[in-house]
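Order as written gives the chain letters A, B, C and D; numbering starts at 1 within each chain.
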Amino acid sequence: MIDWLYGLVGEGPFPSMRAMVYRGLLVVCIVLSTTIAIVDTVPDAWIGFEGAVSATGGLFLVILSLDYILRLVVARAQRGDGESGLAAMARYALSPYGIFDFLAVVPFLVGEATALMPHDGETVFGILRFLKLARYSPALETLGVVVLHELRPLLASLFIMLILAISASTLIYFTERGANPALASVPAAMWWAIVTLSTVGFGDVVPITPLGKLFGSVVAVLGLCMFALPASILASGFAEEMKRQNFVSTWHLVAKVPFFQRLQASQIAEIAGLLKLARAIKGEVLMREGDTGECMYFIVSGQVEVKGRAGTFILKNGDFFGEIALIERCPRTATVKAVSRCQLLILDARDFHKFVAHDHALLEVIWETARARMAQADHAGDKNAAPPKEKEPV
Amino acid sequence: MIDWLYGLVGEGPFPSMRAMVYRGLLVVCIVLSTTIAIVDTVPDAWIGFEGAVSATGGLFLVILSLDYILRLVVARAQRGDGESGLAAMARYALSPYGIFDFLAVVPFLVGEATALMPHDGETVFGILRFLKLARYSPALETLGVVVLHELRPLLASLFIMLILAISASTLIYFTERGANPALASVPAAMWWAIVTLSTVGFGDVVPITPLGKLFGSVVAVLGLCMFALPASILASGFAEEMKRQNFVSTWHLVAKVPFFQRLQASQIAEIAGLLKLARAIKGEVLMREGDTGECMYFIVSGQVEVKGRAGTFILKNGDFFGEIALIERCPRTATVKAVSRCQLLILDARDFHKFVAHDHALLEVIWETARARMAQADHAGDKNAAPPKEKEPV
Amino acid sequence: MIDWLYGLVGEGPFPSMRAMVYRGLLVVCIVLSTTIAIVDTVPDAWIGFEGAVSATGGLFLVILSLDYILRLVVARAQRGDGESGLAAMARYALSPYGIFDFLAVVPFLVGEATALMPHDGETVFGILRFLKLARYSPALETLGVVVLHELRPLLASLFIMLILAISASTLIYFTERGANPALASVPAAMWWAIVTLSTVGFGDVVPITPLGKLFGSVVAVLGLCMFALPASILASGFAEEMKRQNFVSTWHLVAKVPFFQRLQASQIAEIAGLLKLARAIKGEVLMREGDTGECMYFIVSGQVEVKGRAGTFILKNGDFFGEIALIERCPRTATVKAVSRCQLLILDARDFHKFVAHDHALLEVIWETARARMAQADHAGDKNAAPPKEKEPV
Amino acid sequence: MIDWLYGLVGEGPFPSMRAMVYRGLLVVCIVLSTTIAIVDTVPDAWIGFEGAVSATGGLFLVILSLDYILRLVVARAQRGDGESGLAAMARYALSPYGIFDFLAVVPFLVGEATALMPHDGETVFGILRFLKLARYSPALETLGVVVLHELRPLLASLFIMLILAISASTLIYFTERGANPALASVPAAMWWAIVTLSTVGFGDVVPITPLGKLFGSVVAVLGLCMFALPASILASGFAEEMKRQNFVSTWHLVAKVPFFQRLQASQIAEIAGLLKLARAIKGEVLMREGDTGECMYFIVSGQVEVKGRAGTFILKNGDFFGEIALIERCPRTATVKAVSRCQLLILDARDFHKFVAHDHALLEVIWETARARMAQADHAGDKNAAPPKEKEPV
């Protein structure tokens, strides 16, 4: 029973079908809850639908409450060695996700019970339910890591901006204060300066004297230059972090593919940086006969069906495919379809050539495997009375 | 006949002259059709020209209909082994380009026939004709590939934005709702938040309280930082995809240049990543005597004319030129002009030196070819009674 | 006494506790001074608080004056060999930071004394106090270096912008001058052009004729393209400069870690580019048992406490930790906490593998150290009557 | 005489003093001419100064006319072998710079002569004089090269934008046309779409219906993503082109430094990509004793004065300095000042270590030179009765 429940809320790269249904249900609940809380602030938004909205709200509250209880129960069941059940529940309840789950239900329950919840509270906590979605996106965590790593350059560039904003606003204040009531104090000028430096440019405050416009032009151009700093720091940090996460995950998967075990440590480290992790759902077509071949695939888990001219065969975890088009510079010779959910490692044409170029033995191994598979396919082809082909590997 | 027709609509790196004329005609038709449909929505746009516009519209409809029929016929003629003509036509008709071609004519024909087409329909389908141009630009396909490859980071960054937008709008709503009728509901605040976070800044909704302006400033700066994420993911993905396509195409062309066949697999893989594919039209001047030499060229197809001090000679596919300026650090010693359409592979000065540095044999080969050509040029020079030069290769 | 004072204002990677308190006090003073000067320009901002504000202003003036005197005294005490005390004070007083310190107090003191200081002067010099903060941020210096390094491409791109702005404004002037009073002269059009090219888009001046809007669209798109040039030049220059500063500082620290002394010069140069410098405050948890290991650490200075299953031990400067998770592909086997302020060099999983791949002897050294530590830990474990573990290093 | 004139207008990395004065005079003329033409469009701008402005204009016309004649004469004198003087003048006159020079004077002269020049013509040609500045900035040429190189991806991304703009405007037109008179036609909607997609956001046209605002939000975000494509293509192309130009110029200069002649071709190619070209004016201080050493210098041309503790000596073209701080990890041991204009090649600490790491012989050579110089300095020191130092090279 606990296992079945755990299956519902468990995370992992390969959730079960019921976990995915449950997750889908939760996402719909959360998105609708937040949407209702947002639209609810529009006066007369629900006229004629008050009952329906109220009922839906109640239903969502019940579902989210059950979800919270479920997660508490599962946390208790999953307690570590020598940990008390209460400690395990507290650990979950005090984790960020636990707090998000708490905020999504408890304020409403208390509000219902005490009738003390103000309308604004409903709005705020309703919108905050959105945070529950954070569980399903690694983006926030990644961003947090990036901000932490790049904190010093980020603060440095924010400091530069601040100096720019203060200087710009002081300058424009002295230039415009006589002529322009909207720029009659430095704080007002600062609002203008930040809006201009960030290139937002609302237009509610605009310099009107010629000298003010000249300064304004310089500020607009300066802002464009300076404000690119934090954006580019974050963007490149984000890109690097994603690459690093990719390395860590592919490097752990490389050990599962027999082919790579033939490589030396240095080659494994090199290729793990080149491989890209991909997932395929059941039925997804990975390559089509006749396409230009741009990469080869290694199967980490799952099975694929290879359908070539000489018949059909199955490849499973540890196998690779798609290498012929890279070696022979010919179009794909078969169509490959995932017959179950697959984890795949992809190696680009360019990286493939760079990699095998250093080591002819490697190419030999790939080529032999291809030839063996070809022979097997020919054999299958003979049985199916199909004409033998010159080569079959894909 | 079919071949001639196929020549009209066939794609490929080297379209024939009639294909280019046909393509030009089509592009004009499509651009004008779309323009007419767009301008048509301006009231009284055509006063005094109703007849002309209507006639032009009819003409375009006929041309585009004929184009659709032509493509169907060609698709039928080009059917694969064992494919029925109908299946081949259906395959074309259901491909994206086939659907675009269909939408460009059939709704209008049906409208003409039944007189049931509303004016709005004409506008929409007229504008949709623009999609036919997608056939001539690889950009949309490339973008599709990039979006697919980078889907997870893109979604991650969109999720971050959404959280930012929701938080910003909730905050500004509570700050401004009393004072600012334009921010009296969260959805209205959300419009402001997205407009500000994307740095568009229309200015139709602006915070007016001091605290609102403070939050607004923070949102403007935050937005600038966060919204750089998807832009930079897409931009770098796009750049990488173009580099990858360049590798695949140059790597296939390298085999056509005899010089590269002397290289080992590792060197071919390396140089294929350095070469850039270029095309030259007939009569294009590729280098001019006296210029600084920044690259050398390998001819994949076509012919060029080399006009140096010692006379003129022709180089054709498989040859290379422009190497002397890179080896000798001297200006170009000849002017080179394409005498037919050419496909060229370009090797940069920097990459050239990096590449030949590892392998003196290579430099030797290039140098010998240059010397041989020089001797030949001297010989030609003698015949033309021009004074012999010390060296002639370009 | 002088040493104690010097401890207050001294800079360095590891300021003493009293230096940090002093620095914090100063930062608060400066930020509040600037804020008061800014808010002071709002009419009637202080109604009812005039006395308090004036008193605070006086207090800040006293503190900042004392700070200036203190720095002069310390500068005198720190004079070089054969330098007179006056020369040392002058050197400080004429350095940028000395000038900032001077501007923060002397104009006010003179103003108080002579009663000749206009209100605007107070505003300007009050805001200028902000510059004193520059001492605590390397950002401005870095930016200066970058602007200097990239001056030529920056000027080049500014020149392109200027040409664009002039052309755009001339064009729009001739298009709109009849219809649009806001664009009736080229300087007015130039304001519009710069606001549009920088994508600020205030909206105070907007083309209204169809042709003007067409030109306006082209200018908006062109601007977006061209204005990315200086932004990207600065952004990439800034990133490179920070990388270079990181190299210089890590390269000086590498010599303090005994492990690196075993490496050859070429390896030190390589690894110094890979290492990242980090600081940890007392009590900071550097890794937690059970986490995925993404990097290893080298201690430059300070001490950390390693708490594993077999007991607790201390590592100090020259040691490294976190290597097991990288070698064994297992989660962290211990929790590590800084017990004093630490300077650490961090080596990423990816870089670690690239680096050790070339040299098995290196891996051997790391592995042996780990084993020795493990044995020691086992020994400690035996004494604590904890069951011996298979491996203990973290 | 012709040589003296040629010295005035000649280009080159090291212009003579009179060339620089002439160039400065011309730049002032051009900038003022353009400024006058721009300000001239403001009604009543010159009231009371008509005479002065008119006289200045006449003076500038005379100067620019003389400049044009001078350049024609010099072009004639500089004709190639076997070229007629007229052909040489025509070649100059038809070059872009020749045309700019022509436009700057001839229309005015014709206007003066015929009195047929309209006022608008004066404005246009006056502003066009600005183009003469292009001669002194390589930016436009570089940009042209980049646009040409990246034409295909640029067009591709412009096509994507166009599709986005057309789709967005059609959608918003159908959503808003009833409610919003400003969006009552597709062309009007297109103006809005482009202004929004480019994130300019004037705010003169804004969606007002809820659905229109929803679409508007999507367009704002989409635009931000898509419009980053051309900006990033141009920015990275520009950066790469500048790097390539740097390689070509440093690679030509490397041959002038004796030290590099000891290197192999592969090393020269490598180091030429690492070196940065810098220029120093007479009297510029290149490094200061006590600074942290971040790079070493190679002198291509010119002389520097090294002032260390043991005395002063001169280094000239072919020498290098600044290596001790990189080898010994100590602060600079001397102050170096340019005593004439210098061309220098700079090698970064990071690149220095990467480079010498591979080859101990190289380090040996640098070290020996340093020691020899040290001995010489000691000798000089002895003569100056300064105490001998342990090491002297900088």
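Here are a few things to note about the model shown:
In this text, a residue touches a chain if its C-beta (ideal position, glycine included) is under 8 Å from a C-beta of that chain, and two chains touch if they have at least 3 such contacts.
None of these values were measured; they are calculated from a predicted model.
In the CA-based superposition of chain A onto chain D, the rotation angle is 180 degrees, rounded to steps of 5. Homomeric contact chain C/chain D is classed as different-residue, with under half of its interface positions used by both copies. Taking the mean Cα position of each chain as its centre, B sits at the greatest distance from chain C.
In terms of C-beta pairs in contact, the better-connected of the chain pairs B-C and A-C is A-C. Mean C-alpha position of chain B lies 41 Å from that of chain C.
Look at where the CA atoms of chain A average out and do the same for chain C: the two points lie 29 Å apart. Chain C has residues 187, 190, 199-203, 227, 231-232, 236 in contact with two or more other chains.
Put simply, chain C touches chain A in their complex at residues 34, 37-39, 41-43, 120, 123-124, 127, 130-131, 133-134, 137-140, 142-143, 158, 161, 187, 190-191, 194-195, 198-204, 227, 230-232, 234-236, 238-239, 242, 292, 294, 329, 348-350, 353-354, 356-358, 360, 363. Of all residues in chain B, only 153, 155-157, 159-160, 163, 166, 169-170, 173-174, 184-188, 190, 196, 199-203, 206, 210, 213, 216-217, 220-221, 223-229, 231-233, 236, 244, 247-248, 251-252, 255, 264-270, 272-273 touch chain A in the complex they form. Residues 199-203 of chain C are the ones touching chain B in the complex.
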